[in-house]
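Two complexes follow with chain A in common, the first pairing it with chain B and the second with chain C.
Right, the complex of A and B next:
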């Protein structure tokens, strides 16, 4: 558990740096640090499929953010009375959130227990019912193929929208 | 003039040798999706990343010769249609949407698990084409934006 906690703390530090740094490039890099540590977390929790997807998507997102965003522009901070106001509001909301999250998290079961009650059936019958040795693929493309179709539709629509918005042909 | 496009000679030479291997790894990941970790989505993104490497190293023109944006969009639509056709074929042959109508075969062999490898190929085509198309769109948009700023 100690390794997991230290990795999660590193992720929180990375996202804090991404928010508070002045330069866009270092914000992008610390944001991708969060994603890459998430890959290590997935590997530590023994989910290689998710770790592979996370690694590749994170690297592609880093490349796209660095190449496609005009990185030379730097962020502008908010100064003066607005800064004090936003700091006070943020503190109030953080305290409220921490209080109610603590109340809610008390009711949650312990991390990792009970072990695999929902997925027991898939692990037992997956190979027989689908013939797929990789149980993750069996769930993604056989038991829950309808969800995969929805995910594919979302990706298709997103890419369609991006291409339509960024098109050059027919735009003056 | 042509030599100045893209990155330096070292990067170009490395990527010349690296890009085929990356594409091969993506194809392996897609075809063995039902046996080893991986599958259609990461495999497709790996193949797209090989073309993104080519675009970054050699410039947009050379990469457009290898894989046009229209071709990438076409591949994406083909993959999506192929996946839907597989799902609808399940109604007619197996009885319900997304029923696994092909024979299961022997586990741990390449030709097993019914239609799961076919669905992996469809998703790989879709994701690879889509990611590369959106990358090209973003890069072209950025170049056009920079040109506009220079004119002012």
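Right, the complex of A and C next:
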């Protein structure tokens, strides 16, 4: 339990560093650190498949974000005019959001005792119905296969959009 | 309590999106929010003393953690990397046109 708390607090500290540091490259690297700690947290929470996916995706995200940083003009000390009104409105919104979310979090089941009404059936019948020893794979590719199909569609569409935005031929 | 820590991570990302004036910092805020949501869903499915949901010989029959949030979080992670690629390509186009990431200077419309 102590390890979990310390890892999540480390994630919070890493994201604060990523937000407040001056150089964009170090911000990107701190953000990637947060994602890699998230992999360790997934392993601690008995989710190995999710940890593997998060590791791979984290490395790709690091490469994409580093590509976007202009290395020669990294100092980006953007000091816009102080907008007091928008800062006050943002603070009020965050406080209200935190208050109502705290109310909602009190109604959740206690940590370590999940509601498993749907998953009971998956765990009981997963091996017999699908033949997969890994229940996560059985859910991903058999019980919820339409979700995976939609995921592949979203992936294809997003990459197609990125190619259309970034291409050079055909522009006048 | 651990739920509230992941919620604090979400609030940090939301603050970054709302306050910061650098376009890449706002993208980083979105990524932090994605991390916190996937962490929260996996925390919801954790069972005390549970095993990873893989049927092997030595493991008791039903003492698994919840496999459903894990499967759907895998889907969400892959979708997040695709949307991140799209967002970053838009940011690079904007940087090529305006030579800055400052959103107060991008506001003025140029043909």
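Observations, loosely collected:
Convention: the second predicted complex is superposed on the first by the 141 of 172 C-alpha atoms of A that agree within 3 Å, B and C clash if a C-alpha of one lies under 4 Å from a C-alpha of the other, contacts with A are read in each partner's own complex, and residues count from 1 in each chain.
Simple rule for what comes next: contacts are C-beta pairs under 8 Å (C-beta built on N, C-alpha and C of every residue); 3 or more make two chains touch, one makes a residue touch a chain.
Nothing here was measured: the structure is a model prediction, and the numbers come from that model.
On the superposed chain A, the positions of chain B and chain C stay apart, so the two partners fit side by side. Contacts of A:59 after superposition: chain B is touched, whereas chain C is not reached.
In the superposition on chain A, no contact is made by A:92 with either chain B or chain C. Put chain B and chain C next to each other and count what each touches on chain A; the higher total goes to C.
After overlaying the two complexes on the shared chain, residue contacts for A:4 are found with chain C alone; chain B is out of touch. In the superposed model, A:166 lies in contact with both chain B and chain C. When both complexes are overlaid on chain A, the residue A:142 reaches chain B alone and has no touch with chain C. Of the two partner chains placed by superposition, chain B and chain C are both touched by A:48. By the touch criterion defined above, A:133 reaches both chain B and chain C.
Here's the short version: in the overlay, chain B gets within 6 Å of chain C at its closest Cα pair.
Once both structures are placed on chain A, chain A residues 48-49, 53, 57, 60, 64, 67-70, 127, 133-134, 136, 138, 140, 148, 155, 159, 162, 166 are touched by chain B and, in the other complex, by chain C. By the touch criterion stated above, chain A contacts chain C in their complex at residues 4-5, 8-9, 11-12, 15-16, 18-19, 24, 27-28, 31, 34-35, 38, 41-42, 45-50, 53-54, 57, 60-61, 64-65, 67-70, 76, 78, 80-81, 87, 90, 93-94, 97-98, 101-102, 105, 108-109, 111-114, 116, 118-120, 122-124, 126-127, 133-136, 138-140, 144, 147-148, 151, 154-155, 158-159, 161-162, 165-166.
Residue ranges of chain C in contact with chain A, taken from their complex: 1-9, 11-16, 18-22, 24-25, 27-29, 31-32, 35, 38-39, 42-48, 50-56, 62, 64-68, 70-75, 77-86, 88-93, 95, 101-102, 104.
Those residues of chain A that touch chain B in the complex are listed here as 48-49, 52-53, 56-57, 59-60, 63-64, 67-70, 127, 130-134, 136-138, 140-142, 145-146, 148-149, 152-153, 155-156, 159, 162-163, 166-168. Of all residues in chain B, those touching chain A in their complex are 29, 33-42, 45-46, 48-49, 52, 56, 73, 76, 80, 83-84, 87, 97-98, 100, 104-108, 112-114, 116, 119-120, 123, 126-127, 130-131, 133-135, 137-142, 144-146.
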